[in-house]
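Have a look at these structures, which come just after this line.
Both complexes shown next keep chain A, but they swap its partner, so chain B is in the first and chain C is in the second.
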Partner chain A sequence: MDLGAFGRAILLAAFFCAAVSLVFSTASARRRDERLAVSGRRALYSAVILVTAASLLMVAALFARDFSLGYVARYSSRSTTPVYTLTALWAGMEGSLLFWTLLTCIYAATAAAVQRKRRPELTPIATAVLSCIVAFFLGLLAFAANPFATVSPIPPDGSGLNPLLQSPFMAIHPVLLYLGFTGFAVPFAFAFASLVTGRLDVGWFTSTRRWTVVAWSFLTIGIILGGAWAYMELGWGGYWAWDPVENASLLPWLTGTAFLHSVMIQERRQMLKVWNVALILGTYCLAIFGTFLTRSGLLSSVHTFSESPIGKMFLPFLAVMLVVAFGLLGYRYEKLRSHRHLESMFSREAMFLFNNLLLVTIAFTVLWGTLYPVFVEALSGDKISVGPPFFNTVVGPMALALVGLAGIGPLVAWRRGSGRSLKRQIAVPAISGAFTIVVLALLQVRSAGAMFGLGLTVFVATATLGEFARGAAAHRGARPFGLLKGLVTVVGGNRRRYGGYIVHLGVVLICLGISGTAFRLTWSGVLAPGDTFSLGSYDIGYESARTFETDEKQVKMAVMSVGRDGKKVAELTPQRNLHFAQNQPQSEIGLRTTLSEDLYLVLTQMDAQNRVTLRAWLNPLVAWIWIGGAFMALGMLVILSGRPPEQRRVSSKVREAERVAIPA
Partner chain B sequence: MSPTARFSLAAGVVIVAIAGLIVWSLQSSTAYYKTPTELMSGAQPAEQNVRVAGRVVDGSIVNEGATTRFALTDGVTALTVTTQDVLPDTFAADIETVAEGGLTEPGLFTASTVLVKCPSKFEAELAAGTP
Partner chain C sequence: MKAAVVAVSVFAALIALLFGTSGPDPDSVPTAEEVAGRTMSPFCEGLTLNECPHSKSTALRAQIESMVGEGSTNREIDEWMARNYGIASQGRPGAGLAWLAPPALAVLGLIAVFGVIRGRKTPPTITELPAVELSDDDEARFTADFQGYTRGSE
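Coming up: the complex of A and B.
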């Protein structure tokens, strides 16, 4: 049996196992038969083992340069380096689908194994839901997008990985995004199970909370690294273009973020049960929608895979998911309704509600802007496109309001806030923020967005740091490191809360970085060796051209000297390369990053007389976006380092006491 | 008024404001896709914010310093496009391209941005490159 047939046989067997798991798990929930549940889980475990085997087989074929497989021939070549040979697994449509299935399987099996003891009442149905998802993807792989399809005649060499994808960011960014997208399957399945079984107590989300945080964290870092890839590789000076596929990754992030916030209201006050279930169901549906969007050829984007029939198969699957999930929600609506109401507009609950309102409205705006061209074309036949200005104008103000809420929200008490304590706590941050805006106005900053963005940055940062300072002061130890000890005690004692604040600080830093866009400068022109130009406070000179060839590409490089105040501070070498395998030119940017600004050079052309066409950007504050991303990652680690909810006895006792104290 | 009603009112105001903003800014930031034939027959030089889609005519790409000039065709009409944009790495003769901008004089399209049309940016040239 040849490799192609063997690989497909494994996928068929895995599909069969997932289907068996679906049937057994469903039956076990109906008949309350533990033996059937065990068989269902075992079938799912077998599916995981088989999908892992299929993925390893594909990796082995990539490394063995087995060009009899069409996929291997299209995404690798004899000269592809080991790292990029591995990343070829998720570079194309079939491989990325296999990889996506593998991750979903691993999440599904781990969730089933971990939760079977903790949530025996929910796990069979959740396992059935996860098996159904896995079976759908395996069905696609086995029958519609077979990664093990063979070609004949066997080409002597493969086409290799597209040079744009040969970047360390591209090696890691899709993996993180997929880990994020697929991870939401677990809370989705448990929310679904709680609707089916009618066990609508707190259970489903306390036990899947960490899964949600893990998925959300991967998605967040994945999105930020995607921006970094665009910035470093695509050579247009920016990091976010409101491209349909970028939007597709942002949608589940927005609703997932809303969920992580609003779930706290349910935990504390048993409110918003319907809303929370709807949010998490919607989040996974949006993740599936994103995969559909990238693979359907419905919209054009820098990311799309080639148009393929499997795109169309996502639509019915998505429709079934939406109808069944939200149908169940409607069915259980009465049982889910909370009998508690908002007590004051000036309370933590109300702040979270506004946070949710903004996040969901942003999600809707992004969805609308992304799909609007599709609607218009369907209705009138006109082909249109919606540009970044739309998203910036509509999302910008809402995002700023959201960042502002991150500053005020934590200062407002649950149930009913106290105006006096808020005034005391908000005074310093508000004055610093206002002061920043006044200073910027005096400096004649024209962009209102940047002015408010920077003002809010200062406001929220001060307010958040104030929370740390108050906490540390309350737990102050003996000198000389009293405050520091206090900080460690308070952060270590409530990692979820302070981890969350660290994430907020990360968001604030990203906001700072984005505000820099308003001060961006650009230059473009033609230079002969010896020519100079200036941009901002930099004097940039074109010293010489260098051209050489490697096995893979022809390199044309411009040696640029960068000077400031008469002193040479850097030498940048933007390149224009021609990759032989794909016959594709590619620019490598010249980049000098400092905390205050990035100097970004793109060589677009070099002629026979060594004259270069160059475009230069001075992008202020961009580095803070990546630093903010690192802060967010740190905050997530702090949150996840806390003990899982099952072991948090003290807090549940506190919660119990509160429940008794607050009459419903 | 109960706090829930007050919140609903505030939420309603926010949603209506955003809906208004969406409608208003969609009008100003949508660009229409046209073919070179449609654009030439329309002949409205003032019209801006148009995207022309077509295939780059072989041998028509001329670089004049930072300005690039090329012809786009839909198989019927060829349109001269001039741009100062940084061209995408995949830009080449015979590639499906979208130019965004407007007609500055009859028959001359000045593009602020030039995009290589997908749907298959990463696979199209592979298909073209492999026999």
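Coming up: the complex of A and C.
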């Protein structure tokens, strides 16, 4: 049996196991038969083992340069380095589907194993849902997008990985994105199971909240690294272009963020149960929708895979998911409806509701703007594009309001806030923010977005740091300690709260970095060796040209000296490369990065006389976006390092307070 | 009633904000940088002229610079772009439904939030308090607040 046939046989066997798991798990839930549930789980574990084997087989084929497999021939070559040989596993349509399936399988099997004792009433149905998802993807792999398809005649060498994908960021960014997308399958499955079984108490989300946080964390870091990849590799001076595929990754992130906030209202007040279920169901549906967008050819983008028939297969799957999941939600509506109501607009709950409203409206706007050209073309035949001019205008103000809420929300009490207390706590942050805006206005900053963005940055940062200070002051009353120990004590006292605040600080730093866009300077022109130009406070000189060839590419490099105040501070070497295997030109940027600004050079052309066409950007504050991302990651680690909800105590003091306050 | 007034006011403000900023003043003469920052490049998928590193984009920016130098207005430049490269170069939908849908949803959501807040039927009682986790941090804050309150009332 050749490798192609062997690989496909493994996929078929895995598909069979997933289907068996679906049938047995469903039957176990109907008959309440634990033996069937065990068989269902074992079938799912078998599918995981088989998908892992198929993935390892593909990796082995990539490293062995087995060009008899079409996938290996298209995405690797004899000169591809080991890291990018591994990266090729998720660089193409079929391989990325295999990788997606592997991650879904691992999540599904782990969730089934971990939750079977904690939530025995929900796990069989959740396992069935997860098996159904795995079976769908395995069906695609086995019957429509076989990564083990062979080619004849066998080419002597492969085409190699697209040069744009040969970046350390691309080695890790898709992995994290996929970990995020696929991770939402677990809360989706448990929410679905709670709807099917009618067990609609807080159980389904307390047992899956950490899964949601894990998936959300991966997605967050994946999106930020995607921005870093675009910035470093695509050579257009920016990190976010409102590209349809970028938008597709943002959609589940937005609804997932809304869920992580609104679920706290359900925990505290047993409210918004319908909304929370809808959010988590919608989040996974949006993750699948994003997969459909990248594989359907419906929209074009630098991120999409080539058009393929499998895109169309996602639509019925997505439609069934939506109809069944939201149909069940409608069926259980009365049982889910809360009879509690918000008591005041001036409460933490109300702040979370406004936060959710903004997040969902932004998600709708992004979805609407992404699909609008498709609707227009379908209805009128006109080709239009919806890009930054629309998204920045509509999303920008809402995003600013959202950042503002991150500062106000933590200061407002649950149930009913006190105006006096809020005034006391908000005074310093509000004055700091207003002062920032006034200073920027005096400096004649013309961009309202940047002024408010920076003002809000200061406001939220001050409010959040004030929360740390208040926590430290409260602890200090009982135990005196130094700054570092104090910080550790405060954060350790409530990791979920302070982890969330650290995430908020990360968002604030990202907001700071984005605000810098308003102060961006650009330059473009043609230079001969010896020419100079100025950009901001930099004097940039074109010293010389270098041209050389490696096995994979021809490199044309401009040696640029960067000076400031008469002193040379850096030498940058932007390149224009021609990759032989793909016959594809690609720019390598020249970048000098500091905390205050990035000098970003792109060589677009070099002629026979060594004259270069060069674009230069001076991008202020960009480094803070990546630092903000690191803060967000740190905050998520702090949140996840806390005890899981099942292991937390319900405070005896609260129960005692209730007992005393409400005499029998 | 009050909620409806607030909602309508916010809606009107959002509409004004969006339409006020949904496009440049057609009769004013822009800077080349402004045009390149809001016009989609025909040569780079999803990027504005300002961001597109393609050499043809550089030439097009130079062309726009010369039009601006000759005093062309936003309308004239947009029409020239649309004639030569199609309306996709505008990167934004025309006025109408595309711009109305997001604020309309925001307002509907706002009305729903007011509905949730105003819809309370029973006064809150202490029996509604669910037993929740009280972390070490909560305890410390509660104790500090309580001590402050006690000192204040002495």
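One rule holds for everything that comes next: the second predicted complex is superposed on the first by the 641 of 664 C-alpha atoms of A that agree within 3 Å, B and C clash if a C-alpha of one lies under 4 Å from a C-alpha of the other, contacts with A are read in each partner's own complex, and residues count from 1 in each chain.
FYI, a residue touches a chain if its C-beta (ideal position, glycine included) is under 8 Å from a C-beta of that chain, and two chains touch if they have at least 3 such contacts.
Everything quoted here is computed from the prediction, not taken from an experiment.
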item	value
Three-chain arrangement built on chain A, chain B and chain C clash or fit	clash
Partner chain(s) touched by A:R74 [first = chain B, second = chain C, both, neither]	first
Touched partner set for A:D551, first chain B, second chain C, both or neither	neither
Which superposed partner A:N162 touches (first chain B, second chain C, both, neither)	first
Partner chain in contact with A:E334 - chain B first, chain C second, else both or neither	neither
Which superposed partner A:D565 touches (first chain B, second chain C, both, neither)	neither
Which superposed partner A:A581 touches (first chain B, second chain C, both, neither)	first
Among 26-34, 98-106 or 134-142 on chain C, the segment whose C-alpha atoms clash with chain B after superposition	98-106
Contacts on chain A seen with chain B and repeated with chain C across the two complexes	235-236, 300-302, 341-345, 350, 353-354, 357-358, 361, 365, 368-369, 372-373, 382-390, 393-394, 397-398, 524, 587, 602, 604-605, 613, 615
Chain C-facing residues of chain A, complex	235-238, 241-244, 267-270, 300-302, 340-345, 350, 353-354, 357-358, 360-361, 364-365, 368-369, 372-373, 376, 382-390, 393-394, 397-398, 415-416, 470-471, 473-475, 477-478, 490, 492-494, 496-498, 522, 524, 587, 602, 604-605, 613, 615, 648-651, 653-655, 658, 661-662
Residues on chain C engaged by chain A in the complex (per definition of touch)	17-18, 21-23, 33, 38, 40, 44-48, 50-55, 58, 61, 86-93, 98-99, 101-102, 105-106, 109-110, 113-114, 116-117, 119-121, 124, 126-141, 143-145, 147
In the complex with chain B, residue positions of chain A that touch it	73-74, 91-92, 155, 159, 162-165, 235-236, 297, 300-307, 341-345, 347, 350, 353-354, 357-358, 361, 365, 368-369, 372-373, 382-390, 393-394, 397-398, 524-526, 581-587, 602, 604-605, 607, 613, 615
Chain A-facing residues of chain B, complex	2-4, 6-7, 10-11, 14-15, 18, 21-22, 25-26, 28-33, 51, 53, 63, 65-66, 84, 86-87, 89-90, 92, 117-127, 129-130
